[in-house]
Amino acid sequence: MELDLGPEVAQFRAEIRDWIGGHAPAGLADLTDWNNVVTTGGYGSEQRAAAMRHPSYAEWEHELSDARLICPQWPAEFGGNGLDAVRVSVFNEELYRAGVPRVVRGMGESLVGPSVIVHGTPEQQAYFLPRIISGEDVYCQGFSEPGTGSDLAGLQTKGEVDGDEVVITGQKLWTSGAARANKMFVLCRTDPAAEKHAGISYVLIDFTDPRVSYRPVRQLTGAAEFCEDFLDGVRAPLFNVIGGLGNGWRVAMTTLGYERGGSASVQHLAYEREFWALTETARKRGVAADARIRQQLAWAYTQVEIMRFAGLRALAGLAQGRRPGPEASINKLFWSEYHKRLGEIAMSIEGSDALIRPPGDGYPTTGWQNAFLASRAGSIYSGTNEIQRNIIAERALGLPKEPRVPA
Amino acid sequence: MILGITAEQEELRAAVRRFLADRAPISAVRTLMDTSDGLDPAVWRQAGAQLGLQGIAIPEEYGGAGFSFAEQAIVLEELGAALYGGPYLASAVLAATALLASGDEAARMAYLPSIASGELIGTLAFTEEDGSWDIDATRMTAVADGHGWRLDGRKSFVLDGHTAGLILAIARTGDGLSLFAVPADATGLTRTALPTLDQTRKLARLEFASVPATLVGAVGAGSAVLARVLDVAAIAQAAEQLGGAQRALDMAVEYAKVRHQFGRPIGSFQAIKHRCADLLLEVESLRSAVQYAAAAVAENSDEIPVVAALVKAYASDVYFHVAAENIQIHGGIGFTWEHDAHLYFKRAKASELFLGDASYHREHLATRIGL
Amino acid sequence: MELDLGPEVAQFRAEIRDWIGGHAPAGLADLTDWNNVVTTGGYGSEQRAAAMRHPSYAEWEHELSDARLICPQWPAEFGGNGLDAVRVSVFNEELYRAGVPRVVRGMGESLVGPSVIVHGTPEQQAYFLPRIISGEDVYCQGFSEPGTGSDLAGLQTKGEVDGDEVVITGQKLWTSGAARANKMFVLCRTDPAAEKHAGISYVLIDFTDPRVSYRPVRQLTGAAEFCEDFLDGVRAPLFNVIGGLGNGWRVAMTTLGYERGGSASVQHLAYEREFWALTETARKRGVAADARIRQQLAWAYTQVEIMRFAGLRALAGLAQGRRPGPEASINKLFWSEYHKRLGEIAMSIEGSDALIRPPGDGYPTTGWQNAFLASRAGSIYSGTNEIQRNIIAERALGLPKEPRVPA
Amino acid sequence: MILGITAEQEELRAAVRRFLADRAPISAVRTLMDTSDGLDPAVWRQAGAQLGLQGIAIPEEYGGAGFSFAEQAIVLEELGAALYGGPYLASAVLAATALLASGDEAARMAYLPSIASGELIGTLAFTEEDGSWDIDATRMTAVADGHGWRLDGRKSFVLDGHTAGLILAIARTGDGLSLFAVPADATGLTRTALPTLDQTRKLARLEFASVPATLVGAVGAGSAVLARVLDVAAIAQAAEQLGGAQRALDMAVEYAKVRHQFGRPIGSFQAIKHRCADLLLEVESLRSAVQYAAAAVAENSDEIPVVAALVKAYASDVYFHVAAENIQIHGGIGFTWEHDAHLYFKRAKASELFLGDASYHREHLATRIGL
């Protein structure tokens, strides 16, 4: 069943479908399962990379750029198209239908841009935003540190103001996309005397600076999608401090609020495809008639469908003008717990064969082995599920916070 | 497909909730649960005459309000939240859906207007003493005599079977299952109220000894009618379960905020707090599923068989989980008869088992998605 | 397999078996599933009551009394037999083997006696202990209050010292066996100015006092096994304060330490019997071949067997002189969570029939319905499972306590 | 039955633990897991010659130390805790048990002394390419020629099959399954190391092309021998799983004490604290079960088949649960290759799947208790 979002959205859908039909290079279609990257963290980046290597990609990028459909959710005054979340979803759906990738600007689009739009000065907006849209500036995130996992505000990276510059020294962790980035948005402590959440500043730095070094951190999957970064006196002009010195926590929180959105109605697609692949595996292995396996697959199907239903409901709510509630945290909890279980079901279905990896150097794995292993990260990164449960309990249910411990 | 709740639907929800709080509060539920029919006729009539609840999803040509199942799902949710014990599911869902699905215009005209108004209580008798919810489990026979049909056999687990004025019964003929209408006072029909685990929901055993019956719809069309009714009933039951689950969660959260132990509200301890967060996830997920399933019925989508099995399985798990945790979070007081937690707990278990449990529906779901 | 506990215990077993064989009245055997009462809270009290009504019961009580086998774990100087936990277990096993009940003195034996033995004066010991052994004094517990569930030390019942008496006023809750009791052991606050845990006293009161009233609290099972008690200025001599004024918390904690013990090797028996009854039910209903049901029954069997294994291991540890560790909390968590799940499995097996109760006034239930409903209490009473998890984490794993909240 | 741990057993445990910490620490495990045979021969020889670990449960008349399986279970537990990757389970359990169960005195005398000393590594090849752990799944054939027997077919998932000097293989003869001995250098035998999910545990595929083999025990006695070996192996595997689970829990608890977030050790948050308590319950329960099961083997009790299925199912669930939670409690660092948490996680999953998973063994258990 297709969602009825009212005549205006229907008209938008018709127009954007027309536009895509008229402009998308045929050769790009089906090259990329682009929506994989929305939630499953890293898994899918190879498909995206493949699409980006395609000769038609640049042409498609150009078309989208001309139509202001890169960062299309940004307000028109900042180079976007001012699409609301409903229209972004429709845009995503129509791209998916046409089988072409959305051209995204990663964390520049989803995190840095919104921060600059909300907290930046006109001069900062004029300088930083066009470079994100054009793809000139590619950002990676410098928030987490070895000592700060869930407790982000406990960060230790120093930012010393020296004249009209900030000099940043410290260690960051869990940076994805470091190799592709030329910029990093960093949280650092510019006022060590201030209260924990105060005294933090949000700074954009040059990631190609010689005082930046990084090394990949290998994960249990065998891949190394994250990096550990060493900032050794990196200098950035005060111009690059967003929201002013000491205001970084607020800027970062605004940012995080924008981290997920517009993907509601396409998020389930990758899981759906994965589910059917697993049923196919079960059939091939002759266990699709086993009552125990059937129960588990029916359970998994239910979870995937609920993602679809929840996405449609969220979208309908947005179309009716509802402000999003705790959906982001619930959604994160839901898919990450689901995917761990799915990985386990896949191992059950694979049985003894799951014991054996494909040959090759390093630690190559089968798709199911990788899903099983990679899924364990879902409940850890981007706010552990323990933190998500706190957020849900406090914000959606109004349960009291953990009492503050006297320091 | 329309999803999400419109302003009109919110008004409907508020009206039903007010009505139930006023006319069928939990104190009344407790009084009625000790009676054999569990029904306050005045409240039932008022629900029909004033709010039009029984006929909300019945087309206007049959005396209903002509709203869709999306609206009826909201009514069911509120009834479930209030543990309303009257024969709504039996009459306004099982019987009404069976009549609509039968394609029998005469039967529709004969019964639906009075079902819609609440004057007539209908039910559907399909389960027998083996307790199977499978369509094929029917053993009751229907034999044509000169004037019409005669039913012989037994039905059990019949929702409000002893209170209903009209019993629609599934019976086996030489040409397959068929649907029959039997008035409550038919000769040869013996009705026995059964004491229920969930006292707010009444069941009966019916014995048919050569009971004269009227065929509804075509001979042999009963399987298709029953399949349709069971799917819609599963979704309706899930809507009720959603309402109960939401209410039980609200109770638990409310208590966790006010109950202090060790100088803190117990809801500030992660053992309670995180559990409530997980329950909210489940209830919200169930809400998404119920809204979608209700929309599927409203649109008569071909997704109905799949989402019916899916949502009944999920709702059964979620409601039981929430209702059980509600007792645990309340501690000792939640284990008492005086506290309402056990009423939700028993309703949760009973509505899980009624129409088949989660495992049963997951097996159906597996089959229906082609596994 | 039978546990080898060494030659001394073997000799004790032989002797006690002989003794039981020579003294147990034949008619009592198999009348009572006496070990049911050990853990499952109330369920089984009817069997015990039936045994107590039997004409031979008094004779058996007399025999045991003569042999000092009532409260046999109490030291000989206090009227017991000084049996250690291993020998108590062996005693229990041999009684079970012979099918005769152990004559128990309830909370007087398991809670009050040990308190008096550890904390009482010689005069108190001489006065209170023989009355427990003889059955003259039957105690019920006055600890919990409406406002204190897990947080027992938050109790509000007042005990005002007036001359050589304490005058007790307050409300108690969750008292089991109130109707059979003539005494109650009460925690009350004798010094409201003192710190929370101080200022509490442990007092033995006359439960037949006209200033005591109680009413049964009906449970969700339909039965009323617990009472709510109102103490309205009940007077007790200071002689009845055990451990001295203001020392009640320590006395109560000692008591609780004795609450479970000696039942390690027989505890599983009731669960075992219940398990086989459920498999029989599954067979009769034709679902014993259903792979889903088989998985659940195999799981349940595993849990019951683990109770047996754990009991044997605990007993072997005791025989080797090990001090008990966190077994009591683990055991409580284990059986209560198990039994909830077992109740749910029973409902699945019963299917539609579980919807229907037996006819009759009140709220009669089938055995499986009762198991299902009653099982929900297990994770609440006698220290909620949340509290047990705290105890296990802190005492066995050494994890830090919840930080104290500034009041 | 002797239960509980004696002082001698505690000494044994301490000695094995010291030995492993010294000679097979996790750094060595990591080095060896990147090799194809996963074996440091010097450590292996020392384990045999100095500590007598390989022969601990082998009777003295066959060159063993003549202790019981209760002692061997302790060794296995420590090996599991250390993620020791050598062929202990293959040689000292699978091969030794098969030889003992075969009743073939000549074969016992021929192989057990060198297995006991560690000079010979044996293994048992029974699983084939379909990955089934059922006794009846064997399709490899053994045909008698003039001089002896010839084996044809394939084995897979053979534990240390490429490292072993002696392969005991189950093959189908006209008179049922039988056990055969094949030296590693036999003509027609091709051995291929397989890359494993759990790199600390090595598996191989073996192809037999008319390989000459010696019959061990009676023709047709292979089913009984294999049944016995599989039960003992399940219990041995469970003992290893216990060791791994205990170590993973220790890691999690230790980290929860030292890792601070929000100004507190994370182990003071109930979300972590209660989870650790639940894990301890599981590990302690598993310990009770493993001790009982080991005693059953030591006494050759008729409870072996039941407790083998029971303990393997339970151990598989528990170890995986603990190993998975260990990663979660460690957070990001627990997801890295450098941290050891993943080694336990992979071993947990691999030992769950090896010999059949929990569901498989629960089904066996159901059958064995007469369901």
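Per-chain numbering from 1; labels A, B, C and D assigned in written order.
What we mean here is this: a contact is a pair of C-beta atoms (placed from the backbone, for glycine too) under 8 Å apart; a residue touches a chain by one contact, two chains touch by 3 or more.
Fair warning: this is a prediction, and the values are worked out from it, not measured in the lab.
Interface comparison, A-B versus A-D: the higher number of contacting C-beta pairs is recorded for A-B. The most distant chain from chain A, with centres taken as the mean of CA atoms, is C. Centroids of chain A and chain C (each the mean of its C-alpha atoms) stand 54 Å apart. Look at where the CA atoms of chain A average out and do the same for chain D: the two points lie 42 Å apart. A separation of 53 Å divides the Cα centre of chain B from that of chain D.
Among the residues of chain B, those touching two or more other chains are numbered 264, 269-272, 274, 359.
For chain C, the set of residues that touch two or more other chains comprises 291-292, 295, 386, 389, 402-403, 405.
Those residues of chain D lying in contact with chain B across their complex are 269-271, 274. Of all the residues in chain A, the ones that touch chain D in their complex are 144, 146, 148-151, 154, 173-174, 217-220, 222, 292, 340, 347-348, 351-360, 363-365, 369, 372-373, 376-377, 379-381, 384-386, 389, 402, 405, 407.
Only residues 127, 131-133, 156-157, 194-199, 203, 261-264, 269, 271-272, 320, 324, 327-328, 331-338, 341-342, 345-346, 349-350, 353-354, 357, 359 of chain B touch chain C when the two sit together in their complex.
Residues of chain C touching chain A in their complex: 290-292, 295, 403, 405-406. Only residues 1-6, 253, 256-257, 264-265, 267-268, 270, 272-274, 276-278, 280-281, 284-285, 287-289, 291-292, 295-296, 299, 301, 303, 307, 310, 313-314, 359, 362-363, 365-366, 369-371 of chain D touch chain C when the two sit together in their complex.
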